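Heads up, the thing below is written out as structure tokens.
Chain nomenclature is as follows: A, B, C and D, assigned in order of appearance, with residue numbering initiated at 1 for each chain independently.
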């Protein structure tokens, strides 16, 4: 697998700035995570933006879409904040020949017990097996983009269609 | 996805017994890991054995195969020691209609920076997307069982066919 | 050692609320940390307030002082935000017969690699050996309260007197 | 504080060698731990030996004693396996003018939730406050060397005298 990774910000990349007693989106963590896990495939990382996903505009989403279209790889991982993830996924539909998986984290990767590395694992496993299309990998599940929502109350992703 | 998990022991489940200054295979960690990651699908766990994979016999492998055949689920995850993982995978071929993914860890799940949760993520992502067959998910890659070996010198999994 | 612990909030207790994409002071972590470390002494925990230390008022500091004076134990640990820690320590001087150590963390205890458990260890080791007085345990050093400041630029504690 | 650290091996330094499915004493971890915790004092590290403490001989203990006597620093931290820690401490008595604290870990420092960094913190806090003598810092307690034993059954340190 040759993998292209597009990072957009979101909780997964949040770090803590003591000076400001505040939380901000830091450098993308994905490269360091993959290397520390002994990932045995080539990948490229492109930092498209560093935003909370609630702040993403339609222009941002078009920029992400162009990055997906333009890259040579047929497998694309997008790390993303959880709140606007479904909407961005919708904006990435109908790109022929590409398998695109969006993932992120409910707790920053810097936290003990964060779901970041698990979610990235799910995304990477799915990318190698799934037919072209757009998917979200969260809560250990692989969702097709037209059958997923974030349940804000339960703070988890679930299918929109009854199971 | 309804998932059946068969645990067999291996490094992933190793813990440290100070009393004996020794390392032993402990309780399967997979259930606790999945719950802590917020996994959003039903699963069952069956502890088939607790062995170093170098100690697995052909009888053990037949026992694992029968567990895979017998379970109602069509998606089966097998956690396994890394040394005998390929051989066990070979023993699980040609079970119709089932997607079987073997995974494990090069460092015990109890270790900081262990690859366990990442590998399990990869396996679970792949299980949802892959056609029936037997696969190994290690080093962030999904290998078909007839095209994988553990490179002992490099301590990593790689394809047997040239890439 | 019978230890009384007074918690006041600060970075050490900060957790991440995904719902608000925000960081807030959560439940005091000290009890869980001590238990998980196998601490072999009796202790009591009193949550005096849950604030960023920049928000502490002189009234808050008088409340902390009264808690120290009132408790039966002669060893008192105060967990505190780092920005106002020296000032609170100054407000705890001249309480006869009590050894008081303030500590906290530059990174939340929930973070991988946080200094929280190390700082608490330093404080607890010092509490058992130090003569009555007020001290700050940060950056692996035990400072007397009249010879310490937080160097904001370097984000670390240091003595005010030349070494 | 100028601190001299003598490492002798023990559980604290144990790592896992997958190639051998075995656990061995690795490089001393103390320097890396102190740096990652932002320790703000100068220290030197001397690796005296790398042994399980059950394997330490009287000759080894004399070698450790000579290292303590010889070093210029008056504060000395000895990291040590837990089984022979009390005996080594006995062998370090009556070195005038030096405060010596032995510590170690019941779980390797490489483990999630290891007590290593907490114990080291306790030792370092105690070293700065304690009068010259030999102490053990384990389970959050500072023991004088003539009033401590390892309770093998409970796997923890406790005083020999009734409390």
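Keep in mind that, in the parts below, a contact is a pair of C-beta atoms (placed from the backbone, for glycine too) under 8 Å apart; a residue touches a chain by one contact, two chains touch by 3 or more.
In this text, all values refer to a predicted model and were calculated from it rather than measured experimentally.
**Student:** Could you run down the chains that neighbour chain B and chain D together?
**Tutor:** none
**Student:** Listed by label, which chains are in contact with chain B and with chain C?
**Tutor:** Per touch definition, common to chain B and chain C: A, D.
**Student:** So which chain is farthest from chain B, going by the mean of the CA atoms in each chain?
**Tutor:** So the farthest one, by centre of C-alpha atoms, is C.
**Student:** Using the average of all C-alpha atoms in each chain as its centre, how far is it in Å between chain C and chain D?
**Tutor:** 25
**Student:** Could you state the distance in Å from the CA-based centre of chain A to that of chain C?
**Tutor:** Each chain's C-alpha centroid was found; their separation is 38 Å.
**Student:** So what's the Cα centroid distance for chain A and chain D, whole Å?
**Tutor:** 44
**Student:** By the touch rule stated above, which residues of chain B touch at least two different other chains?
**Tutor:** Where chain B meets two or more other chains at a single residue, that happens at 106, 112.
**Student:** Taking the top-of-page definition of touch, could you list the pairs of chains it picks out?
**Tutor:** Listed by label, chains in contact pair as A-B, A-C, B-D, C-D.
**Student:** Give every residue of chain C touching chain A within the complex, in rising order.
**Tutor:** Those residues of chain C that touch chain A are 11, 14, 16, 18-19, 21-23, 52, 54, 81-83, 106-108, 110-112, 152, 155.
**Student:** Enumerate the contact residues on chain C facing chain D in the complex.
**Tutor:** Contacts found on chain C: 1, 33-34, 36-41, 106, 113, 115, 117-131, 137, 139-142, 156-158.
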